[in-house]
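Order as written gives the chain letters A, B, C and D; numbering starts at 1 within each chain.
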Amino acid sequence: MGETLDTRWFDPNRLNMLVGLLLFITFLAINIWRARRSPDGLYIRPIAGLKALDEAIGRATEMGRPVLFIPGIGDMSEVGTLAAITISSKVARRVAELGCDLRIPCYDPVVTALIDGTTREAYREANRADAFRPGCVYYVSATQFAYVASVTGTMMRDRPATNIYMGAFYAESLFLAETGNLTGAIQIAGCDQVTQLPFFVCSCDYTLLGEELYAASAYLGREPIQLATIAAQDWAKALAAGMIVLAIILSALGHPWLGRLLKTS
Amino acid sequence: MAAEPNGFWRRVLAIDRRWIFVLIGVGTALPLLFPVNLPVTPSPRVQAAYNAIEAVPEGSLVLMSLDYEPDIMAELQPMSIAVLRHCFRRHLKPIILTLYPAGPRLVEMALAIASEAEGKRNYDDYVFLGYKSGNQAVVLGLGENIKGLFPRDFYGAATDTISLMKRANSFADFPLLINLSGSTIADYYIRIGASRYHRPMILGATAVMATDYYPYLSSGQILGLIGGMKGAAEYERLMGIVGDGRRGMDAQSLVHLIVVILVLLGNAALFATGGLKRRVGGGA
Amino acid sequence: MSHDVGTWIAAILTLCVFSFLYRDNPLYRFAEHLFVGASAGYLLAVQYQNVLRPNVIEKLQRGQFLAIIPLVLGILILGRAWERTSGIARWSLAFYVGIYSGIAVPSYLQAQIFAQVADALKPFAPGWGAVSSALVLLGFLSVLAYFFFSAPHKGVHGIAARLGIWFLMVAFGASFGYTVMARVSLLIARMQFLMRDWIGILPGA
Amino acid sequence: MRFGPLVVTFLTGTTLIAIFFIPHHAAQETQSVILEWADVVYTFALILGSIALWMSHQKKVFQRAEGWFYSAVTLVALTGVTALGVVQGVSGTTLVGQIYDSVNAPLASTMFSLLAFFIASAAFRAFRARNVEATLLLVTAIVMMIGRVSIGEFVWSGFPPLTEWLLDVPNLAAKRAVAIGVGLGAVSTALKIILGIDRSYLGRA
């Protein structure tokens, strides 16, 4: 049943995606250029949960209790995890400045290694390298509910004042958020799994919905280039919406070709 | 009540969550002990899955991939048992495999129950190939050479010596694929087995996953869809048997009812204590 | 009552976990620590059997020396164990992050953007279906408006974003209600395990 | 020192994006080799994490810190399961397989089933009709909960189709918009990393 080996150097069925990708990179380049030219020229609407993040860390400092940062149970193939790493480093920096205790239990071992590095760096940048406690970023278990068991145990015993959930979450979302709610912690969540959002919305004080999570990681940096990427995404969204409306109108008039252009394999 | 206005409703609002836990626990256990067997009406999607198996000619091979682990077996195991029994009843010959390392024990349990109920025997009526690691790569391999992928079955017999396996070389030899899956493995079977090799396929999934697969149903890539314990109960109903799916349905109904009553009670309490007038920020 | 040791262990551990519902206690703490150790150990063993042995050890034994590359990359990661050598782990992490970012770009583009847009392009269904189709389009556009960050939520955009939030809330309610069913099924199965497989007061299998 | 790893990320990232568009068998084989290497890197990260886990619990046991007994449980489980699994293998018939069946599996499924309790308490607490958004959430959730079980059909035969409509129309609209937004956000996040715009993962914000 030997299938003949594929010797094509390009898959023509994916041309539309290549065009889409190049178009998106162009959007990025234009917006980065715009941001460089006038750093204050880009408007990005504020995200409610982010202001709360600062206050929540402040509250933990006042109460003398730890901040618990949970980077989700996604591995590196999930972009939510990448956003979680960026956000964790901003949170670590703020925690280092204020001088409270930080704990980051991790699910994925590679993510653990990455966050360990970014957290050390964040403490160094805040000139508090001495305050970094080795072991505050730790691997628990890459088994969903073993991770949950351990993290909820930490919540019940160490009583963190602030729980921050950022990243890719699955069934454990409700378990963690309900336990955190029971301990009376301030809870801020952000997750890109639509099916888990309702549970965070019900049990947390603030929830970043879907792509607000990625926007947050750009927003926290407040670097113009980072914000430029959000603007580029907005352009792409507008384009997608426009094309959908146009295609539906066209096909109602008997021209379904636009829809066919978007079919992928 | 007059002395302490809204006293009852205030207590309702401030109820310890452990009382809710007790209610849920009792609400689950009681119907299991004292079943009333509420009626179960099969949905069109489950009926379609049932019909797909009915349509396979007697004596045909069917490929069954049972891909889940113990943590979600509650939703998929009753389904596996019901579908296996259906295949056996129709004198089909299932070739079974799993893509999860902890899967074989569950498959063995399901096979033990189904084969005993329908009086079927290993090697004469079915073959269990066991577990193979590699997810997508395995599904791709099934389209090429099954015996190469599984040189031995789960019990160590060489697959080229098993008479049922003589006919089983690749997807092409199966008039029906059955995938009962708790994960994205379902996508691989749909993309590769159903789409690339154009095999008729039915899918069983967890209740949460099931909605994500409706589009494949309307596009015809899968013929039927069984979702969660409820789907298993509907399947059992079609088969005229009582399994863990149907046994669970009373508890399922009662717990849902309890949750709904709790929510209504909470809102009544909020209304009675005037809490609704306070403007509170949105959840999001 | 069951006579199987495995069933007894499973049943006792099940009760240990259920005890968490009352409050945190030594039984739960025991189960938690056992679970963490056993699962971390199981993963290590599985990775050894399924990855390290076939992809590195056996390959090197067969003289396929290309397997040295992942081995070196892997060993570099271990540098993170000490402060002084932690910098060298960056090389393997950079490799790893590069791979998954590279995979993410086309796969999200395909599965999340193109597939969804293509799906949204289906012509309106006839009759009453058209109302539903129109609602889907309206909901889609308004939720997209909510996620449009470059403009403040004012005027028409503000109204659209507000409508978007309403659609989101309905979707969340649907997900929530739908998930209840799945979770209750899992609890039913645990109860069945305790009452049938362990104590034996429930009939049937 | 950081320039090198950035180049590595850029090269692996762009290579994997390119492979997506190249159906040539050599490209596809390259991809599987790279993924195999990534698996090895992951395994070493797992070893690193497990060593750290072991050390932290060992420290607690030696110092007789609060809860040292529980740490001892983790240590024994971790060491025992790893050793047995590496020596004997992990399939169903081995000792590790049996430990998995009577320890890991019931613990996982019981933890999972606790969600049935939590989903009820979360619904009771959070589903309060305080404003339009919360009301939409709660009404949809109630319809879903009632409509998808036998008792719902019993009360009103229109419930099941209503739940289907909720899933197919408002739910679909919101999910689709979120999916497209998430997809674009994911693509740009990954691109930022590949192009070196976002270097925070290397330890520089």
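Criterion: a contact is a pair of C-beta atoms (placed from the backbone, for glycine too) under 8 Å apart; a residue touches a chain by one contact, two chains touch by 3 or more.
All values reported here derive from a predicted model rather than from experimental measurement.
Novice: Between what two chains do the most C-beta pairs come into contact?
Specialist: Greatest number of C-beta pairs in contact occurs for C-D.
Novice: Just grab the chain with the largest centre-to-centre distance to chain C, centres being mean Cα coordinates.
Specialist: Of all the other chains, the one whose centre lies farthest from chain C is B.
Novice: For chain B and chain D, let me know how many angstrom lie between their CA-based centres, rounded off.
Specialist: 21
Novice: Chain A to chain B: how many Å between their CA centres?
Specialist: Each chain's C-alpha centroid was found; their separation is 32 Å.
Novice: Averaged over CA atoms, how far is the centre of chain C from the centre of chain D? Could you give it in whole Å?
Specialist: 3
Novice: Can you compute the centre-to-centre distance for chain A and chain C, using the mean CA position of each chain? Integer Å is fine.
Specialist: Chain centroid spacing, chain A to chain C, equals 15 Å.
Novice: Among the residues of chain C, pick out those that touch two or more other chains and give their numbers.
Specialist: Correct list: 17, 20-21, 29, 31-32, 35-36, 38-40, 42-43, 46, 77, 80, 90, 93, 96-97, 100-101, 103-106, 108-109, 113, 117, 119-120, 137, 140-141, 144, 147, 165, 168-169, 171-173, 175-176, 178-181, 184, 186-187, 189-190.
Novice: Show the residues in chain D shared as contacts by 2 or more other chains, in ascending order.
Specialist: Counting only residues that touch two or more other chains, chain D contributes 17, 20-21, 41-42, 45-46, 48, 50, 52-53, 90, 100-101, 104-109, 111-117, 119-121, 123, 125-127, 133-134, 137-138, 141-142, 145, 148-149, 167-168, 171, 174-175, 178-182, 184, 186-187, 189-191, 193, 201-203.
Novice: Counting only residues that touch at least 2 other chains, which ones in chain A make the list?
Specialist: 17, 21, 79, 82, 110, 113-114, 117, 120, 140-146, 149, 194-195, 198-199, 201-202, 209-211, 215, 233, 237, 240 - these are the residues of chain A that touch more than one other chain.
Novice: For the complex, which residues does chain A have touching chain C?
Specialist: 16-17, 20-21, 42-45, 75-79, 82, 110, 113-114, 116-117, 120, 134, 140-143, 145-146, 149-150, 152-153, 156-157, 194-195, 197-199, 201-202, 209-212, 215, 230-231, 233-234, 237-238, 240-241, 243-245, 247-248, 251-252, 256, 258-259, 262-264
Novice: For chain B, which residues are in contact with chain C within the complex?
Specialist: 18, 21, 24, 28-29, 32-33, 71-75, 77, 101, 113, 133, 206-208, 211, 215, 228-230, 242, 244, 247-248, 251-252, 255-256, 259, 282-284
Novice: Please give the residue numbers of chain C that touch chain B in the complex, ascending.
Specialist: Touching chain B: residues 21-22, 46, 50, 119, 165, 168-169, 178-182, 184-192, 195, 201-202, 204-205 of chain C.
Novice: Give every residue of chain C touching chain A within the complex, in rising order.
Specialist: 17, 20, 23-24, 28-29, 31-32, 35-36, 38-40, 42-43, 77, 80, 83, 86, 89-90, 93, 96-97, 100-101, 103-106, 108-110, 113-115, 117-118, 120-124, 137, 140-141, 144, 147-153, 168, 171-173, 175-176, 179
Novice: Report the residues of chain C in contact with chain D in the complex, numbered from low to high.
Specialist: Contact set of chain C toward chain D: 5-7, 9-11, 13-14, 17-18, 20-21, 29-49, 51-52, 55-56, 66, 69-71, 73-75, 77-78, 80-81, 87, 90-109, 111-113, 116-117, 119-120, 132, 135-144, 146-147, 164-181, 183-184, 186-187, 189-190, 193.
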